[in-house]
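The two complexes that follow have chain A in common; it is paired with chain B in the first and with chain C in the second.
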Partner chain A sequence: MNNQTNTISKEINESDFVFEKASFFSKIFNIKTVLNTVSILSLFVIWGLLVHFGIYRFVLIPGPAEVLEWGIDWMGSKDFWIDASLSTLRVLGGFTFACLIAIPTGLMIGWNKVFSDLTFPTLEILRPIPGIAYIPLAILFFPWEEASVAFICFVGAFFPILLNTITGVRMIDRDFFRAALCLGSKPKHIFWHIVVPGALPSISTGAALGMGIAWMAVVAGEMISGKWGLGYRIWEAYTLIRYPLIVDGMIVIGLLGLCSSVIIRYITLLLIPWRKAITESLDESITK
Partner chain B sequence: MSTSELNKSFHFWKQVRRKVVNWTTLRRIMSIVLFLMAWSILVQFTGHFQQIPKPLAVFHALFQLEPGVIFTEILRSFLRVLGGFLIGLLIGFPLGVAIGYSRIANYLFFPAVEMVRPIPPIAWIPLTVLFFIEIESQIVFLTFYGAFFPIVYNTMGGISEVDIRLPRAAMSFGINRMGMLWKIILPAAMPQIFTGMKVAIGITWLMVVAAEMIASKGGLGYWVWHHHTLMEYPMVILGMGIIGLCGALCSLGIDAVGNHFMKWRNIF
Partner chain C sequence: MADSNNRGEVVFEDVTRAVKTRKTEEIILHHCSFVVESGKLTVLIGPSGCGKTTIINLVAGYETPDRGKVLIDGIPVTRPDWERLVVFQETALFPWLTCYDNVMFGPLATKVMTRQEAHEQAIKLLEKVGLGDFMEKYPIQLSGGMQRRAELARALINRPTIMLMDEPFRGLDAMTRELMQEYYLRLVEESHGTHLFVTSEIEEAIFLADKLIIMTNKPSRAKRVLDIDLPRPRKAEVLRSKRYLELKANTLEILHEEAVKASRASGKADINIEASIRK
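Here is the complex of A and B:
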């Protein structure tokens, strides 16, 4: 018995030693990084193989090498920068307006019962109509094309931000309000010191969601009624049989969307420093 | 009828009246009335809004609808939405569970999913048109793609946010790995999974409208676009309303299914 435990402890000691010695390699070649690289590489390899062997209708789809070649060409031209900046500006315009209107409205709806009764039913009726269904009306209403595309982004971003703001305010612990009232604060103070900061984390979630939908809306708007912009460009690439350009456009749209959501995350981390610890632990739990 | 019974029924009606006829309901009705009034006044008196039809015109358009035509369009859109959503659920839900529950699956699938996700579904339209021959399968693929990522991400997030005390308690009672998944993790993650499904069905409706506007082969999106080209704007607004109604119905349906699966929620 004694002998057995001895051997076990010895083994453990040895393995500890080995682990320490290989720590540098194990940091790089552990199962996580290996599988992650396999995952990303296999995405491109499967794509390349499917195109190379022309399975089903993959003959028509451009391969990775072609896409890269066309992409470098396109990045060098002036069109690319005009398209990208115009799409970004449209998204930003619609998104900013959505934030400016949705956040105050949401705060008031969440905070004030009378205001909520007066506005929320109407908004609830308008909410299920997807932003893209507004395209005909936007074309009709706005004589200026830029405004109509930005308006579709606005509609897309508006409701996620509004609903998240409302739930954010309603999730605030009632005790905060009671404590503030006890300490003799006026509605003004309650609004600025409890309602606004309490709803901020939820608002940031809503803003990130709204940004994603705004990017979707801008692509749709440009495809249907546009002269410039990334959405228009990929549709034009389809009609002019420049198929690799479609994939390039998709990648650029994806990257810009990703960048904007990262920026929103960063800004909200700056605004809500007390939330940082929580979100970080959440990120870890998701990625692990 | 005895007086006590009369009293009881009187009391009951009083309670009903108190719940239905009060300031809140009045204000809620006022909200919609004010909206309609603002709409008509804006259309009537400002030059810029003049092209937008009035609420009354939209109401009149309701009676000009041909029930047969509109119901086939609604059915078409519904089938496309349901097809894409169900395929998304069939693929997305197991994938989300695998990524959330197994570390190896997470390492193997998550980076690939994360790389494709930022591309919005609408940007896939040209490639889809190129790849699929039939318009139906194009639209169903697009709706599938719209539904896929919200389902995967919310399933995964719901699983990773389960209170760690629940699995620990189950473990101390000697549960096996499958039992842990089916009896502890999935029920605990259920609320967020259903949230994901609600988001997914919203995006599915958005996708179906966009795809139908471009593909022009029937459906509500095409119907709206068709009336836009005919300059029948009351019909356009009516179509938007019908699309909204269908979306709201779908989301209510998911709520109902969710309540059926999460009866334990009512206990607490």
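Here is the complex of A and C:
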């Protein structure tokens, strides 16, 4: 008898636990937002404290309050909007060109052995040269300053996109090609219906990486050759001893970079609906 | 479908096929000859690793024989063709297409039928394999059994002369497997095409087959061909009939001989290794 009640109470406890588990997971969203906010706040608090107590050489670094004050000023001026939009346009220009060239080239290299042998060695030699190393030549070569900075972004974004596209094609399961062949696909049909969709997930990874590097490149390019732009503004702030403005520039670059990766992720989900199905089924198995 | 009744005969004539690695050459098929009759369901059974997948690849045209001939209706196989359809060991449904689009892939690639015709066929087939409510799902959202059924539908919509099944139900649990076999039989009995089905499960082999080809160990050839004269349409009850048990015992005996040989061969190999270590 006693034994029986024990099992019953155990069962009840277990079902309670299941119930609690479900509500726990609905709570986790809130806990997550709290934790994320704490993460960002603590960055500002630690920074503020380090500057406030002047630990090591932090006396030289502007504190959060100063930065905020200068930032509001700067955002009110016309300069800010010109800087931000020019930098964004340069990144977008370089990035778009990189996609337009790297994706088709990568697809061809991954798919076609002859094309691969023909182009890949050259690209492998060019690959280790960082985009920044192209700055002097880019200034020399392009008559238009916008083009030279955009070109540096292009070089930065090009290789991650190219390499990920190639890997994407090469990782496609051989059985998919075989299946397509025996279903009656001709090479052109295979290219559009197997190679392209099969490589898309990897291409989108490459695009996200490329976008990040394009932002790095634009700042470096503008510091050296620009008259406008966030990179130029940061460097100018340093030379004119307007130190808080440096940090403002950095924050704006960070936010713009964040925006662009969110946009890329969104486009990726639109282009790759089956990926969403994968992540959904993953989420399910994690929640279980 | 009358013409496919007398088409789709596969003949292996003295086929030898070896796989070359950098140093060694391993012979997989050795003077292997057999006939897969048209319009029948032939099951190939043999110990694992005896080159069953190689045979499928040879018929499909993914590989070519080193010696001998693989003939289909008297014509040597040179490359893959949509008259010969393979259903793979692992599911090869395209993950980027929905269930419905996967089934439509063949007709849209070959354009042998209009889109409207293909659409009607696809829906009919998907409903027949019990996937009517799952047409817009991606393969990853389907269970293993559903994926296999979708793959069957994707193959059958092309009305292939020859269906090549490479252990298609491997890795499914026993219940699903049984269901799949029944689905498959129903489709085969309606379609009348030639089917070559490869498996290493005796029950499955006898349950499905018109003809059973038993393979030897590597280097393998066809050891024995058995007629499976169980009645059609076949139902699960057949598995309890006396004739089925006789056939099973018979097959087991032949396979057992091969298994003994295989273990002796590997025993010899072990001794060889030991000897070489001592040296």
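By our rule, the second predicted complex is superposed on the first by the 236 of 288 C-alpha atoms of A that agree within 3 Å, B and C clash if a C-alpha of one lies under 4 Å from a C-alpha of the other, contacts with A are read in each partner's own complex, and residues count from 1 in each chain.
The criterion applied here is as follows: contacts are C-beta pairs under 8 Å (C-beta built on N, C-alpha and C of every residue); 3 or more make two chains touch, one makes a residue touch a chain.
Predicted, not measured: the structure shown is a model, and the values here were computed from it.
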| item | value |
| --- | --- |
| Which superposed partner A:Asp173 touches (first chain B, second chain C, both, neither) | second |
| Touched partner set for A:Ser185, first chain B, second chain C, both or neither | second |
| Touching partner for A:Lys78 - first (chain B), second (chain C), both, neither | neither |
| Contacts of A:Trp274 with chain B and chain C, given as first, second, both or neither | second |
| Chain C versus chain B, contacts on chain A by residue | B |
| Touching partner for A:Leu200 - first (chain B), second (chain C), both, neither | second |
| Residues on chain C engaged by chain A in the complex (per definition of touch) | 60, 62, 80-82, 84-86, 88, 90, 92, 94-97, 105-106, 109-110, 112, 137-138, 140-141, 154, 158 |
| Residues of chain A that touch chain C when the two form their complex | 173, 175-176, 178-186, 189, 193-194, 197-198, 200, 272-274, 277-278, 280-281 |
| Complex contact set, residues of chain A against chain B | 31-32, 35-36, 38-40, 42-43, 57-58, 60-61, 113-114, 117-122, 125-137, 139-141, 212, 215-216, 219-220, 223-224, 231, 234-235, 237-238, 243, 246-247, 249-251, 253-255, 257-258, 261, 282, 285-288 |
| List of chain B residues in touch with chain A within their complex | 23-24, 27-32, 34-35, 48-49, 51-52, 103-104, 106-112, 115-127, 129-133, 156-157, 160-161, 202, 205-206, 209-210, 213-214, 221, 224-225, 227-228, 233, 236-237, 239-241, 243-245, 247-248, 251 |
